[in-house]
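The structures considered in this document are given below.
In the two complexes below, subunit A is the common chain; its partner is subunit B in one and subunit C in the other.
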Partner chain A sequence: MTYRDRHRHRPTTIRRGHRPGAITALAILAALTALPVPAPLAAQSASGETFTRAESRRILSRADDLVTYPGSDFSAEYTVTEVRPGESTSRTSFVLFRRDSANSYTILIREPAQDRGKGYLRIDENLWLYDPVARRFTVVSASDRFENTGARNDDFNQSTLAEDYTIVGHTTEQLGAYATDVYDLEAVHDDVTFPRMRIWIDQNDLVRKFEDYSLSGQHMRTTAIPSYRQLGDRYVPVRIVIQDELRGREVDGQFRNQRTMIEVDKPSFQAVPDMVFTRTFLERVGD
Partner chain B sequence: MNGGLLTAAWRNFVRNLRRYRVLLVALVLIVMALTAVLGTMLGLRDAVRAKASRYFAGDLVVLGYTGNGSSLIQQPEEVAAAVAALEAGDTPIPLRTWSRRSTYYNLNSIELFFAGYYTRQRRMVGVEWALERPVLNDFDFAAGGVPEDGDESAILISTATARDLGIAVGDEVLVSIQSDRGRTNTARYIVAGIYTESSFFGYTAYVHRAALNRLREAPPETVNEIGVYLEDSADEATAAASLTAAMRAQGLPVFGVMSDRQAYSQEASRGRDGREYGVVTLGAQLSEINDLLGAITIIAGAIMVLFLGIVTVGVSNTWTMVVWERTREIGTLRALGMQRTGTVGLFLLEALFLGLGGVILGGGLGVALLAGIQRWIRFEPNAFTTLFLTQGRLAWTLPGWGLLGIAGLAVGASLFGALRAAVRAGAVNPVEALRHEQ
Partner chain C sequence: MPHVSNRGRTVRRGTRRPGVLGLALVLLVVVALGVPAQSLDDLFNEPDAVTGGDGSGDGTTAADGTAPAGESSPGDDTTTPDGESSPDDTAAAPAAVDIGALTTSPTRVSGSVSADAGLSVGYNEWPWSDAADGRTPRDLIAASAGYKMSASVSVDSRPQPYLRFYTRLTSSLSTTSLSFGSPAVDELFVDYTLKDRVFFRVGDFGMGWGRARLFDSPANLVSRVGDGAAVRASLPLGTGSMTAVAYTLPGWVSTHGEGDPRSFAGALQVERSFGVFSTELSGHYQLDEGPRAAAILTAGVGALTLAGETRYSIDPDHPGAPGRDGNAMTAIGNFFWENGARTWTFWGEYAYDHSRRDSEVGTDGVRRDGEHLVGLAMKAPSLGGGGWRPQLTWRHAVGDSSGQLIAGTSGTVAPGLTLSTGIPVFYGKPGSYYRGIAETRVIDDDTTLTDEESNVLRVSGENVVSVGFGLSVSFSF
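On to the complex of A and B.
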């Protein structure tokens, strides 16, 4: 059965009432490390399929659309836990305000206490970090690590897979309880953090897992999204686990990767005042 | 001045040594301190220069700007010909070697990984091992050394980096950067050498130029800087002027020499119609450090000169006393035919012997002190010691002009102190002197 055969019968809307996140979160988490090592990223698609740019866009747009909210603002409380094996575990909590229609977000850090008042402001392709101690904004890169965790600043922006990547390979794979399509992606422009990706998309067009690769094919990190929360016809990833494939420590004779756990609480699509997406807001709140 | 006067002065100096001993000790201590301070400061400066010249690609570096702040040498063959012309001109400037480098600066993007450990680098440098071997061999290697000439799989890292990663020579390190196109790119290299450095200059990794260009996604022949290592760094300004002239002779558009940090940053960002080339000197790159060392030297020198002033006053008082005590002796010498100038010369010669004694003993002790510090004291690594010392030790330097300068100061102070009393001795009336009672 080829990709097209399987997708010919795929419903165009998400099956309401299906709560995939609650079913196999543990299975996906286990898949971070338990899955067999995939074939080299540049390998030919197992089915020999080739994808035009339009087909790529259509497939990836479906995944993007489920977690992008152009019709409303989005806000939520995030908790990022960084687990460094053999070292300390750190916790960062913040509030995210996102306006996908303007490609903007504002992040206001609440914990740890010494970073309270720090904030990020993204307006289109510009990203600033506000330091309330120095009362100064500095330009940062979307591909920089967020607060020295495994997450990147870009990870909190809307999903733009269809704009950024094209499909160069496809296979299918059972990921825990999910039958997934696995796509190898290559960036179509240079404004992305990782030029190559492999993503696992379930039958509901939700991205369940993705791997980021360098240009030379080095596996850099793996991200699993075991839990989504459905709000109306939209989905919010509420649990994300990022495994750094290069950082870690040997503990008790076993190598353990550095991990970043992101929990999302109280997601809301209530309108957010315009001034939240301004530098003035960060300055006032930071003071 | 005749031999008799010299002998008499020496005999008087030795006979009165007990009286002069306090002054002599003071002079010895001051000369020793001056020698130690000067030797230390020059040693620190030279250590920084040696490290900096490797870091910045040479004593002189040719950069090509269009105004975006980053350098690219679009005509490397013409620049190389200009460098070659330095040694072939009418007044040849001897070169140690030269460099042709690809450079990558990005503090946030260069990461090295090994067995789960990671560290960041300030910059990566792509060199040609064959071309820069004479200079790279000067690295104090804790392990390994400079790779084979064409080895594109090798990397040189510092002890600071090796310590962060827990890596050894022969291990494979993964390097990740954001390429010139902004894409995350990685490459694996074998650690060929670990050089001892944990200061500002230590967070730099050296690979082959072709390897770095691949990692950067830059054209294979990309050259960002062409540097010149001079045999004598004192020729820096002359060589910079000659190099710009040679580049102009090659038909290259040249904007001149950047001799300070301000000019350097201004020229890098100044808008231009096309690419223009300039030469930056190591002195300009190190102007802040040179200013710091210069300020320390001036303060230390001022304190020493103050002490010298005190010695001068001491010499003056002592010689006044000596002249008064030896008035009858002066009268006798004058009665036996010694001229006024001879009398003045006699006392000045004694002061000269005092000064020379201080210089010889103090200089010797100063040199011994420096040698002892270098041999027996290894300083713990910290921000200062790793920047200014070599392998944690003081690599002092004392050129001839330094020694002569110290000798001139000490002898000059002694002679100046004795001058007033010596002139007064010359003015003594022999008859009255013979009747002088103490």
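On to the complex of A and C.
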């Protein structure tokens, strides 16, 4: 049975009528960096299946839609814990406000104390960092590491897999308790952080895991999303673990990767005032 | 300095919720991530109990059967990030971020004290140059020292989400009378936010517009706001915002009197983002000075940020006349690049301002010419612990071939104790643009340098090349 056969008969229960939303707090790495990658019009997977660009879009859109929220604002509290083997463990907590309809988000850092008041404002493709000490805004790159953790600034934007990637390979795999479809993806433009990805999508179109690769095939990082929270007909990843495949340290004779754990609390789709998505708000809160 | 770094950050507990929960979270993380090298795939051994709720807070439960195969139904227990058990996530309306709480806090009194001392040794003129006038290198050696001490206290009160009062008082040690003067009010303002829509700030406060990093920002039409009293209003406007400010300065009031329209000035800025571009258009008007208009265009391309800004001023006394005594245009263009780990930073800038060029040759036979300025700067990764990031800054006046080159760094040598070191070099003929202002504006207003580096450089006096050291002890409460 091919993927499409299986999927056609799957009794999926997730509603997808609205233009779904996105929060992947770890929005599945929508953007940045990278070198040009050719966009094949049709590609053949190891199982012999081929995917046109339209089919890729359809499959990936289902995953995007569950965690994208164009019809409402989104807000939540995030705690990012960075575990560096053999070194100190750091913790950053912040509040995120997202408005997918305007491709905007605002982040207010609450901890650690020395960074309290610092904030990020994304409007369209512009990302500003506000430093309350210097009272100055600087433009930063969405592909930069977020606060020196394994997360990237763009991880907090909406998921745009369908827009950024096309499927070039497909297999199935049992991922713990989940039967998943595993897709190999290649970027269709330069504005992505990683030009190649492999993603694990469960039977309800929720992305459970993905691996990021450089153009040369170097495995850069692995992200696991073991927990989602359902709010109405939308989903919010509430527990995300990112493993840096390049950074780590040998501890007790065994190599341990650096890991970033993201916990999401108080997710909500309540309307957020327009002012929150302005530089003035960061000045007002962060001064 | 605008750079971001969390280096050396340690786990902080109990800030969001006191003590035990914070500790529980840390333990949870350590156990979950940690110490044994658990495979990420192990996280999926237990099916996700997708918890339900309704983000709008109306208590809507999750649709039946939406949980992945093998999962428990919505409403089953799950573990929250705090490690607590949620008995029924579907029954209670989920908590949302309280925006009001972000802008509300009890009255806080904080302050800082710092004491700095610096020593510099160098040449006050280049040996064997014409300006050395036959003096030996030994004769040209000059040493200087300086010190500074200041303290500030601030009060920040945010009793309501829409209301805030803030003031900061500062007192500094006079190096001539050797006493602390009466505390001066650095800032005192009240914020009022009307219906989460319009933000007002009234009082004595600073503002700044512009993207310049090495030279003065021509689009900073509100640079004098901090010298007087002002009212500022900001509100969202499409995908951007609009800010208006009206202010008065002591000099205008003393000249024209209170209430005279010439004692006031107004400025307006509209900023908007589209694609990778951000634009800021602004205007300023004061009756004596005439109108000024400015524009800023910023573009972020990957890790590279490009910015350009220009200002056009119309002189009412010389309408239509271009140049120094009439209508004038100033501009800058710059770039800024930082690698993903924010360890290497490079930036550069070109600035044009015709008024920086002396109209006549001075008595020293030199025409100061700062019409065209160029600058480059870089910061290297930290050297060891203590945050020692070497920085190199170069500024050059094209017209009279003068310039400055500053290599410096500072870092923590003991808790609360910072050591700075720098080598400032100035070149060009005496009286040229950078030789003439080396000991004043360039160092004092150099926002690319830390306070500690500035202290070192300040004590270098008029030397053309120096080696400076400074120690600073400071703490905040």
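What we mean here is this: the second predicted complex is superposed on the first by the 254 of 287 C-alpha atoms of A that agree within 3 Å, B and C clash if a C-alpha of one lies under 4 Å from a C-alpha of the other, contacts with A are read in each partner's own complex, and residues count from 1 in each chain.
Assume a contact is a pair of C-beta atoms (placed from the backbone, for glycine too) under 8 Å apart; a residue touches a chain by one contact, two chains touch by 3 or more.
Note that the structure is predicted; figures quoted are calculated from it, not measured.
Engineer: In the superposition on subunit A, see if there is space for subunit B and subunit C together, and answer fit or clash.
Structural biologist: They clash.
Engineer: For A:159, is the partner it touches subunit B (first), subunit C (second), both, or none of the two (neither)?
Structural biologist: In the superposition, A:159 touches no partner, neither subunit B nor subunit C.
Engineer: According to the stated criteria, A:265 is in contact with first (subunit B), second (subunit C), both, or neither; which is it?
Structural biologist: Only subunit C; A:265 stays clear of subunit B.
Engineer: Could you look at A:141 and tell me whether it touches subunit B, subunit C, both or neither (first, second, both, neither)?
Structural biologist: A:141 contacts both subunit B and subunit C.
Engineer: Subunit A residues in contact: does subunit B have more, or subunit C?
Structural biologist: C
Engineer: Taking the superposition on A as described, I'd like to know which of subunit B and subunit C A:234 touches: first, second, both or neither.
Structural biologist: A:234: touches subunit C, not subunit B.
Engineer: May I ask you to decide whether A:90 touches subunit B, subunit C, both, or neither, giving the answer as first, second, both or neither?
Structural biologist: It touches subunit C, and subunit B stays clear.
Engineer: Give one of first, second, both or neither to describe whether A:118 is in contact with subunit B, with subunit C, with both, or with none.
Structural biologist: It touches subunit C, and subunit B stays clear.
Engineer: Pick one for A:220: touches subunit B only (first), subunit C only (second), both, or neither.
Structural biologist: Only subunit B is touched by A:220; subunit C is not.
Engineer: Output check: A:276 vs subunit B and subunit C. Expected answer is one of first, second, both, neither. What do you get?
Structural biologist: second
Engineer: Which partner does A:129 contact after superposing on A: first (subunit B), second (subunit C), both, neither?
Structural biologist: Touch partner of A:129: subunit C, not subunit B.
Engineer: Would you mind checking which of 25-33, 169-177, 295-303 or 349-357 on subunit B runs into subunit C after superposing?
Structural biologist: Among 25-33, 169-177, 295-303 or 349-357, the clash with subunit C belongs to 295-303.
Engineer: Please identify the positions on subunit A that touch both subunit B and subunit C, taking each partner from its own complex.
Structural biologist: Common to the two interfaces on subunit A: residues 141, 143-144, 255, 257.
Engineer: Which residues of subunit B touch subunit A once you look at their complex with the stated criterion?
Structural biologist: Against subunit A, the touching part of subunit B is residues 108, 113, 115-118, 174, 176, 178-179, 181-187, 217.
Engineer: Flag every residue of subunit C that touches subunit A in the complex, lowest number first.
Structural biologist: On the subunit C side, the touching residues are 1-2, 4-12, 15-16, 25-26, 29-30, 32-34, 37, 40-57, 60, 62-66, 68-70, 74, 78, 80-82, 89, 94-97, 99, 102-103, 164, 166, 191, 193, 196-197, 199, 206, 208, 234-236, 239-241, 243, 271, 273-278, 298, 300, 302-303, 305, 307, 336, 338, 340-342, 447.
Engineer: Which subunit A residues qualify as touching subunit B in the complex?
Structural biologist: 141, 143-144, 187, 190-195, 212, 214-216, 218, 220, 246-250, 255, 257-258
Engineer: Provide the residue numbers of subunit A that touch subunit C in the complex, in ascending order.
Structural biologist: Residue list for subunit A touching subunit C: 13-15, 32-33, 72, 74-77, 79, 81, 83, 88-93, 95, 97, 102, 104, 108, 110-113, 115, 118, 123-127, 129, 131, 134-136, 138-141, 143-145, 147-149, 175-179, 202-204, 206, 208-209, 222, 224, 226-236, 238-239, 241, 243, 254-257, 259, 261, 263-270, 272-281, 284-285, 287.
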